Amino acid sequence: MLAHGARASTHAATSSSVPSPASSLAPPPRVTARRRTPWVQNERFLRVAVPAMVGVLLLGLWECLVRAFNVPEYLVPGPLRIAQALHDDFGLLMKALWTTLCITAGAFFVATVIGTLVAFAFVQSRWVELSFFPYAVLLQVTPIAAIAPLIIIWVKQPTAALVVCATLIALFPIIANTTLGLRSVSPGLAAFFRMQGASRWQTLVRLQIPGALPYWFAGLRISSGLSLVGAVVAEFVAGTGGQGAGLAYEILQAGYQLNIPRMFAALGLISAAGVALFWLMLGLNQWALRGWHDSATPQEH
Amino acid sequence: MLAHGARASTHAATSSSVPSPASSLAPPPRVTARRRTPWVQNERFLRVAVPAMVGVLLLGLWECLVRAFNVPEYLVPGPLRIAQALHDDFGLLMKALWTTLCITAGAFFVATVIGTLVAFAFVQSRWVELSFFPYAVLLQVTPIAAIAPLIIIWVKQPTAALVVCATLIALFPIIANTTLGLRSVSPGLAAFFRMQGASRWQTLVRLQIPGALPYWFAGLRISSGLSLVGAVVAEFVAGTGGQGAGLAYEILQAGYQLNIPRMFAALGLISAAGVALFWLMLGLNQWALRGWHDSATPQEH
Amino acid sequence: QDKLTFLTSWYAQAEHGGFYQALATGLYKQAGLDVTIKMGGPQVNGMQLLTAGQADLIIGYDFQVLSGVEKGLPVVTVAASFQKDLQGMLTHGDVKSLADVKSKTILVAGNNRTSWWPWLKSKYDLTDAQTRPYTFNLQPFFADTNVVQQAYPSSEPFQALKKGLPHKFFLFADEGYPPYGTSIVTTQGLLKAKPDVVKRFVDASMKGWVSYLKNPAPGNALIKQDNPNMSDEQIAFGISQLKALKVLDSGDAATQGVGTMTAARWKATRDYMVKEELLKPDTPWQQAFTLDIVKQVKVLP
Amino acid sequence: MSRTTPRTTGAMPVVEALSACKTYGNGTHALAPTDFTLQPGEFVSLIGPSGCGKSTLLKLVAGLIEPSDGRLQWWRSGQLPRGAAPAGKRLAFVFQEATLMPWASVEANVRLPLDLQHVPRDEAAERVGRALAQVGLSRYARHKPRELSGGMQMRVSIARALVTDPDLLLMDEPFGALDEITRNRLDDELRQLWAERGLSVMFVTHSVYEAAFLSSRVVVMAARPGRIVHELTLDAPGMAEARPAGYRSSATFAHTCQQLSDLLLQASLVSGTDQLEMAP
Amino acid sequence: MSRTTPRTTGAMPVVEALSACKTYGNGTHALAPTDFTLQPGEFVSLIGPSGCGKSTLLKLVAGLIEPSDGRLQWWRSGQLPRGAAPAGKRLAFVFQEATLMPWASVEANVRLPLDLQHVPRDEAAERVGRALAQVGLSRYARHKPRELSGGMQMRVSIARALVTDPDLLLMDEPFGALDEITRNRLDDELRQLWAERGLSVMFVTHSVYEAAFLSSRVVVMAARPGRIVHELTLDAPGMAEARPAGYRSSATFAHTCQQLSDLLLQASLVSGTDQLEMAP
């Protein structure tokens, strides 16, 4: 990976005008050495600290704007007001968040399993893929809002129906990415396996699956968010309420009742959950691919 | 790419039991030669014909089931009935489709432009990416249904509001994939560019952009579908009816009036549009990457 | 004990009070019924669930029943809780009568474009151009004093009241809008097979309504159980609105008992729909309702 | 052209190309119709100018690509005359570039063909250890390929080919990225292996010294279109023995090398005018 | 260790490594603290056993990787004594693997450094044409890299380095994948280029013949940890001339080669016991 930024900042300590040590022989003697303040180089720390700082800044700006223009709370509440709503309704919102997360987790799990298996089937035979890939696309483009009623009719148990809806939304990126990954093995290695008389199963397990992992994780990253969105949308559409209601119900109700701070608090929880899921997937990616894949290994070319 | 299927089927003509010519020296003299019926090998033909055939089979099965179990038309109509509805309401549905497609196209275009530019910004500096990538994730996970009201307040023109909603839905995969692509240039080439003193602009235009194209297209493939879904969902949530109503409105109305065959016809149109968009993107991919990228070039290892 | 599932039209609220009251006070049990009340929601299509056998009776809507009959659905309205449809318009304080909305921006939800909107449009000479979508959120209304919007008497005006905003509410039914409100719909099948059960249900429900308006506490407890976000204040406001608008006991109900219907009213509704081309003229509209049940039931307010 | 297969003769070739030719998708005539026979127990080296089609011919023989015309014919390994080889033995291929699984350790990469053949764990571990020792990488068993130098990666690739104890060994410039010392040692080992085990080898190299030292037969190719322009038999077939100790400094060796150099120069000259113009 | 830079002496080195060492992320000590100076106009060859750290040292010199300790120092090209070179001239690097843009034609790949320097179209086209002719690939200007053989790809990579007319040329086994004829011709050309243009070259090779023919100085490295174990100056500095016509068959040449072979063998022996065990 290109590390322009990192390089430039490292060199700033020793020389001011030079873009990169390799760029030209023109400048006067330049020196590269290892002089780094450790925490600035600690990826993990930065990955949390920097966006958090930006977040605090943005929230501050938001609060200022809301106060400066005297925006009424029922239109756009300031972050402090939202935080207060979060605090006041903590129990309520947490219960709803839990419900939504359960549906998300269920849908994500089912989508991952089914999507991966479908992708396996696709790469086993070009005919299977040719025949059914367009129908996988169908899954993605059919608006869930339109078929949710049918699902609710067919799947009696309400929570199961929600999981099915969310699964349908999250499925496609996993199928698409995993299929692409399984097909993207290096042609040389594929030839080697063929030549060694590897069975399909061996080729799948030892070549295609490890090779597809980076793509698979990329699919998981997209689908984890979609599962969450799917859970929320499904709830919107299928409209369950009552005791075990999720965040969508709280948002809808807060909207109807114009309890906008609570609505934003619920939205904030969803967003936070989504970002957390995303980082979780990214972390999993780093952990599983460390040592061999560019996306998880710092470059030492 | 592995072409087990293709190989096996080619050899079936000359020898029956052998998996692959390179797999072992054991079998009696085997012969490889070029004996192929051309149309079976014509990818383009197959890519359309096979799924179409499967489609016809599935539709036939559907019709049979509906007739066999005497499912009432207002619950699940058979394909023939849906086709008839499509025929009867052709003008109406086509107008609605046109509206939806316009919103889709607008959203897809805007999402592509913005997503690509954001990805450019992200790879220019690790700090920018660190700071703002989580907020790109936010875009994906915030349920559009919840923020649509705000968008409607801010964007007065209804169509524009719908485009904004759909854009928000379609944006993330383009940002994520393009960023990944721009960062995935071969480390060796990146080192070469740095060494030649290439400016950021040159590196972007000559190295990162061409190298990111496969990822970019993969992003487009996912986002084209999401734009469509986004257009439909946005219409569901914030849609206007009346003259310029889109397919979502027709679906809602048909559902409300229990005109289920028309609802299925509208759904079918959306799905068909989505699949068409997907193939369009795939075709664009093949065309743009032919000659150098595995995903667009038949393997001749 | 006969088991029955009853599906309401929305999250539990004062407009469903009679049914919850009948459940809470044991009126159903006394009538030999074991009733389960399921909540509706924004996109829950009650008619579909009814015809699919997921519910035995639902809160229906006259237009939808007529459309259903047009499509050959075996549904039938057996009673109408309210003599007036509850749909109306919420305006800012400066509007004196519905005639004044001609100069305003009107928020109309998508699926209402084929219910009351054509009626209002032709009656007050309005245009499609002045409408904007309604997303069941009051923010646009509060943000712009030139906006008027559709409303239910018990919810939106309550928010306006709480905000202390000068506002007015106009019930369409008071201006001659024909359909009934909160009617009870079942299938022809159930009606034929167990007319007695249906009769007992209607009877108990109507008793529930009368009881509810006298002492809503038992029903309210159930409402709050199903919809925890419903505040006492709001329910109380809803009940006061029901009383003030005299939806239960006005017109024919005063003499013939709560829940009554007349063929004349149905014809008016049918004529309106036919005029607006929402219904084919040759629809056997008499099948959309039966007066047999209400004739046997006489619960005076 | 009508041809009779050598089935009628006594010796049964391992693999035969019958007017096999290859034109790539972009229209490059990589290989003109070529007849080539590999007899069991032969060590054939392919030499020729860069881009003349050596890799193409090797891949055809391995069945990795299909001929555009003509055909390839493989014979049962059970009929290999030099006995010993149990049925079901395999061919091993060393690609011109190290083709390793980036996610697997060096050890796992080398063990791969044994795993594919369901060789028991212990036996596999032992054979892998031996192969890694042969190429001098015992210390690096747990490293990932990306942590190795170019030459080390190539050696992993070689170890992976040797570990299977193949009947037919196809190697595409395996030692090109190695220093002379390592290369000479591996040359010695390969020759010894070949002589002991009686395997058949096809070997692409750019070093005439290597070709002269290793081969029982050298095939010289020329470019545009790729074709065989000369064959030089160094040992009588079946006469595979370890070279005498001082063979590399013998006059015979020097003579063979010179002969091959001349043939190579000739081949370069007939390969068309585009082959390396001198700077003005 | 306190050191004075050669700034105080008359000759100004092109690049200097001052106790530069490299330990990779996985803990491999690829290079022990090393001092190395490249004087302007030198042709330095690096030889050593596979995996001894040649590529690592070259990348350090190119600034592609940063030393774990110690430092690298580059000097202005304006101060290169052999005049001629305009300011802002560049270094060119040939990677051990051909590192080409897969989406660009051969021509576009070779033109890349010129484009990056905003060389006018016509001039660039001419220089690209010349460079392609030098490596014998004029016919393949419009091919994509994947349509070329391994050796041809490497030649594209070489052409891309030559086209820039660099001051400092760093090459990592550039000719390893080429046949002897092509290799000898390119050796000749490179030596001539060097003698004419007065550029400085660092050259990794596995061929002692090549090292002996090309270099003014040969650096021998040993492994574990990578370090310089010997340096051999072949020409007095600044005495760069084309070798006499028959140099390759001269006794001096044979002697140098033998000397280098011995040094290499020694280096291999000190590189630790793991370096190639003979099969039992």
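The letters A, B, C, D and E name the chains in turn, as written, and every chain counts its residues from 1.
Following the convention adopted for this analysis, a residue touches a chain if its C-beta (ideal position, glycine included) is under 8 Å from a C-beta of that chain, and two chains touch if they have at least 3 such contacts.
Protein names from UniProt, one per chain: A, B = ABC transporter permease; D, E = ABC transporter ATP-binding protein.
Since the model is a prediction, treat every value here as computed from it, not as a measurement.
A.B. asks: Moving step by step between touching chains, how few steps can get you from subunit C to subunit D?
C.D. replies: So the least number of steps between the two chains is 2.
A.B. asks: Could you pull out the chain whose C-alpha mean position is farthest off from that of subunit D?
C.D. replies: C
A.B. asks: Which chain's centre, taken as the mean of its Cα atoms, is farthest from the centre of subunit E?
C.D. replies: C
A.B. asks: When I count C-beta pairs in contact, which pair ends up with more: B-E or A-C?
C.D. replies: By number of C-beta pairs in contact, A-C is the larger.
A.B. asks: Roughly how far is subunit A (ABC transporter permease) from subunit B (ABC transporter permease), going centre to centre by Cα mean, in whole Å?
C.D. replies: Comparing mean C-alpha positions, subunit B (ABC transporter permease) is 19 Å from subunit A (ABC transporter permease).
A.B. asks: Averaged over CA atoms, how far is the centre of subunit B (ABC transporter permease) from the centre of subunit D? Could you give it in whole Å?
C.D. replies: 45
A.B. asks: Counting only Cα atoms for the centres, state how far subunit D is from subunit E in Å.
C.D. replies: 29
A.B. asks: For subunit D, which residues are shared contacts with two or more other chains?
C.D. replies: In subunit D, the residues touching two or more other chains are 24, 62-64, 90-91, 97.
A.B. asks: At which residue positions does subunit C touch at least two other chains?
C.D. replies: 43, 45, 48, 52, 137, 139, 143
A.B. asks: Indicate the residues of subunit A (ABC transporter permease) shared as contacts by at least two other chains.
C.D. replies: As it turns out, subunit A (ABC transporter permease) has residues touching two or more other chains at 20, 22, 24, 75, 145, 149, 153, 188, 191, 193-197, 236, 255, 301.
A.B. asks: Name, in rising order, each residue of subunit C that touches subunit B (ABC transporter permease) in their complex.
C.D. replies: Going through subunit C, the ones touching subunit B (ABC transporter permease) are 43, 45, 47-48, 51-52, 64, 67-68, 70-73, 108, 110-111, 113-114, 128, 131-133, 135, 137, 139-140, 143, 278.
A.B. asks: Flag every residue of subunit C that touches subunit A (ABC transporter permease) in the complex, lowest number first.
C.D. replies: Against subunit A (ABC transporter permease), subunit C makes touches at 11-12, 39-45, 48-49, 52, 54, 136-139, 142-143, 155, 159, 162-163, 225-229, 231, 234.
A.B. asks: Provide the residue numbers of subunit D that touch subunit A (ABC transporter permease) in the complex, in ascending order.
C.D. replies: For subunit D paired with subunit A (ABC transporter permease), touching residues are 62-64, 90-91, 93, 95, 97, 99-104, 112-113, 115-117, 144-146, 164.
A.B. asks: In the complex, go through subunit A (ABC transporter permease) and note every residue touching subunit C.
C.D. replies: 72, 74-75, 92, 145, 148-149, 152-153, 156, 236-243, 245, 249-250, 252-258, 260
A.B. asks: Help me check something: in the complex, which residues belonging to subunit B (ABC transporter permease) touch subunit E?
C.D. replies: Those residues of subunit B (ABC transporter permease) that touch subunit E are 186, 188-189, 191-198, 202, 206-207, 210-211, 213, 289, 291-293, 297.
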